[in-house]
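After this come two complexes, each holding chain A, first together with chain B and then together with chain C.
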Partner chain A sequence: MIALLRRAGVARMPLSLYNLLFFTFLVAPIIVVVAASFTAGNAITVPYHGVSLRWYRRLIEYRPFIDSLMTSVYLALSSAFVAILLAVPAAIALGRSRSAVAAALTTFLLAPVAIPALVIGFSLLYFLSSLGIGVSFVALLIAHTVISVPYVMRTVLAVYRNVGINFEEAAAVLGANRWQRFYFVTLPLISPGVFAGALFAVLISLDNLPVSYFFGTANVTTLPVVMLSYLQNQLDPAIASISTVQMLIAIGLLLVVERTYGLRALNA
Partner chain B sequence: MRSSRIFTPGAVFALTAALSLSAHAADLTVTAFGGSWEKAYRTCFVQPFEKATGKSVDVVLGNPLQWVNQVAANPSKPPIDVIVSTPEAAYKAISLNLLDPVTAADVPNVAQLDPRLVAYGKGYGFPITFGDFGLMYNTKTVKNPPKTWKEFVDGTVAGKWQAALPGIAYVATPPGLITLFTKVYGGSSTNIQPALDQIKRMSASGNATFYSDPNTPLMSMRSGDVDIAMYYDGRAWAEHDANNPDIGFISPSPGSVAFPNMAQKVKNGSPLGRQFLNELASADGQSCFVNAMQYAASNRNVKYDPRVAPRIATKDKSIWVEFEQISEHSPQWIEQWNKQIGH
Partner chain C sequence: MQTVDAFAAQRVETKVIKRRVRPSLLYVPALIFLCLFFLAPLMENVLRSVAPAHEGGAISLRFYTKLISDPYYLRVIANTLKVSFVTTAICAVVGYPVAYFLVRRAGRFGPVLLFLLVAPLLTSIIMRTFGWRILLARHGMVNETLQALHLIDRPLNVLNSAGSVYMGLVHVMVPFMVLSITPVLQGVDRRLEESARILGAGAVRTFLNVTLPLSIEGIVTGCILVFMLTNGSFVTMLLLGGGQVVTLPVLIFQQFSLTQDIGFAAAMGNLLLFIVLVCLFVQQRFASGRGARP
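Right after this comes the complex of A and B.
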């Protein structure tokens, strides 16, 4: 009887139902926000009042939305790149070491994940100012790199530790110098981890508020800070439209990664 | 090569970002709250200033405590020249010695302002506008809105309406609710128990909910979950005009707490800041702004639109609290609230 049920696929039904409900629970709020962005009414209400693109036109009329969106995208990509430059060499240097110092350094580089982002932002504001780096894009870039490094480090470490040391040894035996071993052997092998970490770093940066909060200026403010300021003083569906645009950018990034590298390879 | 896929686009973006975002700084940097507030601020103050002086103005969006911290972190070369903020942040900036004094000698239009409001700035700025934190209500479900705060509390306990109150996480709660209730029910800044007892009565009745952001009462009113809410007059009228004509507003006796927007000049900031403060204190600028935002002005020569005039707060009927004193006691108040009420 059980064998019959298994063949019929009935045994999988509870799991499939669970997955469907879980997926619906995750996606339903996003669908509500996207639908609200197309309302013709003045307010976010359910049911919606007609369909209109007026709240997307509002994004263009309210200049801070577009300016801060551009800043957020640039910042996310730049901070992920700088995080790669710092985290990849660190992961390779520390990944196979068994010393207590290496373990401590690894923990240190991963620590920003465990510290409240508001504390990081507040502390960096005063620290960077004491170094003469006032509120600016450079300060924002440094702050976002600090929170991005753990994401790149974590994934690269995991991938690097799983890659056998044999490949590097074989390359060394065949005469490759240290740089050639890194560039032609190690880097391609760990690139899934680098891409996965960079993707996390970009998404974390795009969404970050507590760190960006302290570094906003007239010319350099991120989208979450502008959205918060807007929401505190005006509640209308423009927030739903800018949220939809932000989601589309994240989806766009995933598509770019899929085309250039393949998302499945990130799990390899 | 796959490695180049990592480095090439990243390098291009990092370089492009650094170059493109090193924009030319304006002659003056001022702060503003976002959304419709910013729009009115630019129209009524920034653009006339730029036209009159030929100088450019950058407007920073964000939050008052963010701005105060940015100035405190860079006091010798502040990134902001003029701060327009809330009273708590304004007094924080004064206590940290971040500001220049402001007098009618260097900002002539200050002489046109109500002297009692100017005194509120303690010599380091002045309110541009103020609004009351009274009661926003649904005119369809609350036919007889409470005329006094005690009537509001007793009516909530009796179940006459569903009420929304600001929770302890909301910035207006210590001055707008706790201090108000100590004035109505007795108590002081060191003894807020009479106020907490009334809030507990309302909470225990099951007819009161607590909110922690300014949009929740608006959404709750639209959905019918709430009939009456403690809220700002200007925002209530804006909601009435834009989305919900059933909304009314009342300031129960003995009055509602006034919340001013404070304008201040940052120490070591651009000298143009004083000229901009003069624009903020001007009758023309404030007339334009208060008619857009439906708040009361500090300039005595402001002209209100006939639609706006009956809606705005008046100095004599509002309750003016000592925000700096409230900030000192807030940590203890928050602890007491969390222990006794929890929301």
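Right after this comes the complex of A and C.
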């Protein structure tokens, strides 16, 4: 019996070891960048010789980083907001329907997530400029909203379908009208899905390079675009510190949603 | 009195049902928005790719002919598919044991490991790629460690090669694979495995004949997802490939920023789109095929 147990334990060792290696592989590049952001030297490496915040000071001095970070955050929040306005009503309208038309519409509204973002950005650039909307914040907002709609739609659909119709029926029987039912019953029930979807949309927007790349101007451009051109022109640890700042923003947003609704909604 | 109540209740009920059945038009704003800013630009892109060579001419397929007749572009197309295919295969092989571990063995570490799996998605792709540049550099940590362990004499030139691109791609994509497999693996009935063991199958045979076939659906979902995502990615190739790995998105990116050959870039974008649509079609077929099974 003991021999059997030991054999089972030994058989399990390789799998545990493999997973230890795997998760090291997964987090290593991130930890290295965070460490490199505190280096005191000029070389981009883990700080062997002293820790400093000089590369964070560089962020404040180098205007494009701060400006584009503000643009990125503002853009991510506003495109997520517009996406909520568009996707939440659509999800409610289509979520419970079983018709083929509704299924087709749902597929269409979820489609932008499956199309290579590079192709969307490229096509939209020429389309918008022919409409007279040149590269500008508005163009960026439209492009990012196209990408965000499916994310909000998907999480809201999942939560709304899970909730079931009983609550709304009860409200209707008790005499609530359409708006009262939406505001007092449906909205509180689906809000975890709305927030989770908006969080996804914000995270995707913050990191989006393929779409933003086409719409940057000298004055209005997003952080990933600035980071890419910085990387191509000069190599110093400032990239590591701006990456760390961006990661902290993302973690902060995640914690807010987690505190408010729990992360279960993210599994949707 | 009772009949009146019942009558009233029935009226309310039909009203509710009517409301439910009545098609709601709340999806219209989203539909208009995406038709205008998603569908129309893609359609225009198709038109642009077959634009006549000169004013007033007939539609022309010259960009597509160029794509499929020039050996260089044919190589790029083949390379795009190869990179996606290899990345997908590596992700499946690397990711399956992780999914298995998460579902069956992780126990109380489960939530922590799940967080570690999702954590990379919180960082920008530039950050992760940059991390690999630091690690794989000539005098980076990987080389220094391997040298300190006397496993190699001279630093390896891994950066700016196909190898480092695959490393970066697998790092970005493997969480999607694991997250596709875990829910399916979770749904596998443990009693079936127990039955196989009782009937005399060994651990390996049980895994190969019972567990793996039952979780194949998650693997296929993950493979299609990773294949599509890899097809569209270019940041990793740009920052880790050093020009060694050229795929369609990289070429589109270059066409746009260097040569400004818009019609040709449009044609390449459509080809990429076509590959994605084929993937989606296969996925749909697979999903419906599964639904038909009892």
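Please note the rule applied: the second predicted complex is superposed on the first by the 228 of 268 C-alpha atoms of A that agree within 3 Å, B and C clash if a C-alpha of one lies under 4 Å from a C-alpha of the other, contacts with A are read in each partner's own complex, and residues count from 1 in each chain.
Here is the rule we use: a contact is a pair of C-beta atoms (placed from the backbone, for glycine too) under 8 Å apart; a residue touches a chain by one contact, two chains touch by 3 or more.
Owing to the predicted nature of the structure, the values given are computational and were not obtained by experimental measurement.
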Check your understanding: Should the pairing of chain B and chain C on chain A count as a clash or a fit in the superposition?
Key -> clash
Check your understanding: What is the contact status of A:Phe214 with respect to chain B (first) and chain C (second): first, second, both, or neither?
Key -> both
**Study point:** Which superposed partner A:Tyr126 touches (first chain B, second chain C, both, neither)
**Key:** both
Point to revise | Residue contacts with chain A in the superposition, chain B compared against chain C | key: C
Check your understanding: After lining up the shared chain so the two structures overlap, which partner does A:Ala28 touch, if you call chain B first and chain C second: first, second, both or neither?
Key -> second
Check your understanding: Does the superposition put A:Ser243 against chain B (first), chain C (second), both, or neither?
Key -> second
Check your understanding: Which holds for A:Phe167: it touches chain B only (first), chain C only (second), both, or neither?
Key -> neither
Review point. Looking at the overlay, does A:Leu231 come into contact with chain B only (first), chain C only (second), both, or neither?
Key: both
Check your understanding: Given the touch rule stated above, what does A:Arg96 touch, chain B (first), chain C (second), both, or neither?
Key -> second
Review point. Thinking of the overlay built on chain A, is A:Tyr56 touched by chain B (first), by chain C (second), by both, or by neither?
Key: neither
Review point. Intersection of chain A residues contacting chain B with those contacting chain C?
Key: 44-45, 122, 126, 130, 213-214, 228, 231
Review point. What part of chain C is in contact with chain A in the complex they form?
Key: 9, 12-13, 15-16, 19-20, 23-27, 29-31, 33-34, 37-38, 40-42, 44-45, 48, 94, 97-98, 100-101, 105, 113, 116-117, 119-135, 137, 139-141, 171, 174-175, 203, 228, 231-232, 234-235, 238-239, 249, 252-253, 256, 262, 265-266, 269-270, 272-273, 276, 280
Practice item. Within their complex, state which residues of chain B touch chain A. Key: 2-3, 5-6, 9-11, 13-14, 16-18, 20-23, 25-26, 29, 33-39, 58-63, 66, 69-70, 72-74, 77, 79, 213-215, 218-219, 222, 242-244
Review point. Okay, in this complex, where on chain A does chain B touch?
Key: 41-45, 62, 64, 71, 74-75, 77-78, 80-82, 84, 122, 125-126, 129-130, 134-135, 137-138, 141, 183, 187-188, 191, 194-195, 198, 213-221, 225-226, 228-236, 260-261
Study note, to complete from the structure: Interface with chain C, chain A side, in the complex: residues 11-12, 15-16, 18-19, 22-23, 25-33, 36, 44-46, 85-87, 89-90, 92-94, 96-97, 105, 108-109, 111-112, 114-120, 122-124, 126-128, 130, 142-143, 145-146, 149, 153, 165, 169, 172-173, 178, 203, 206-207, 209-210, 213-214, 224, 227-228, 231, 239-240, 243-244, 246-247, 250-251, 254
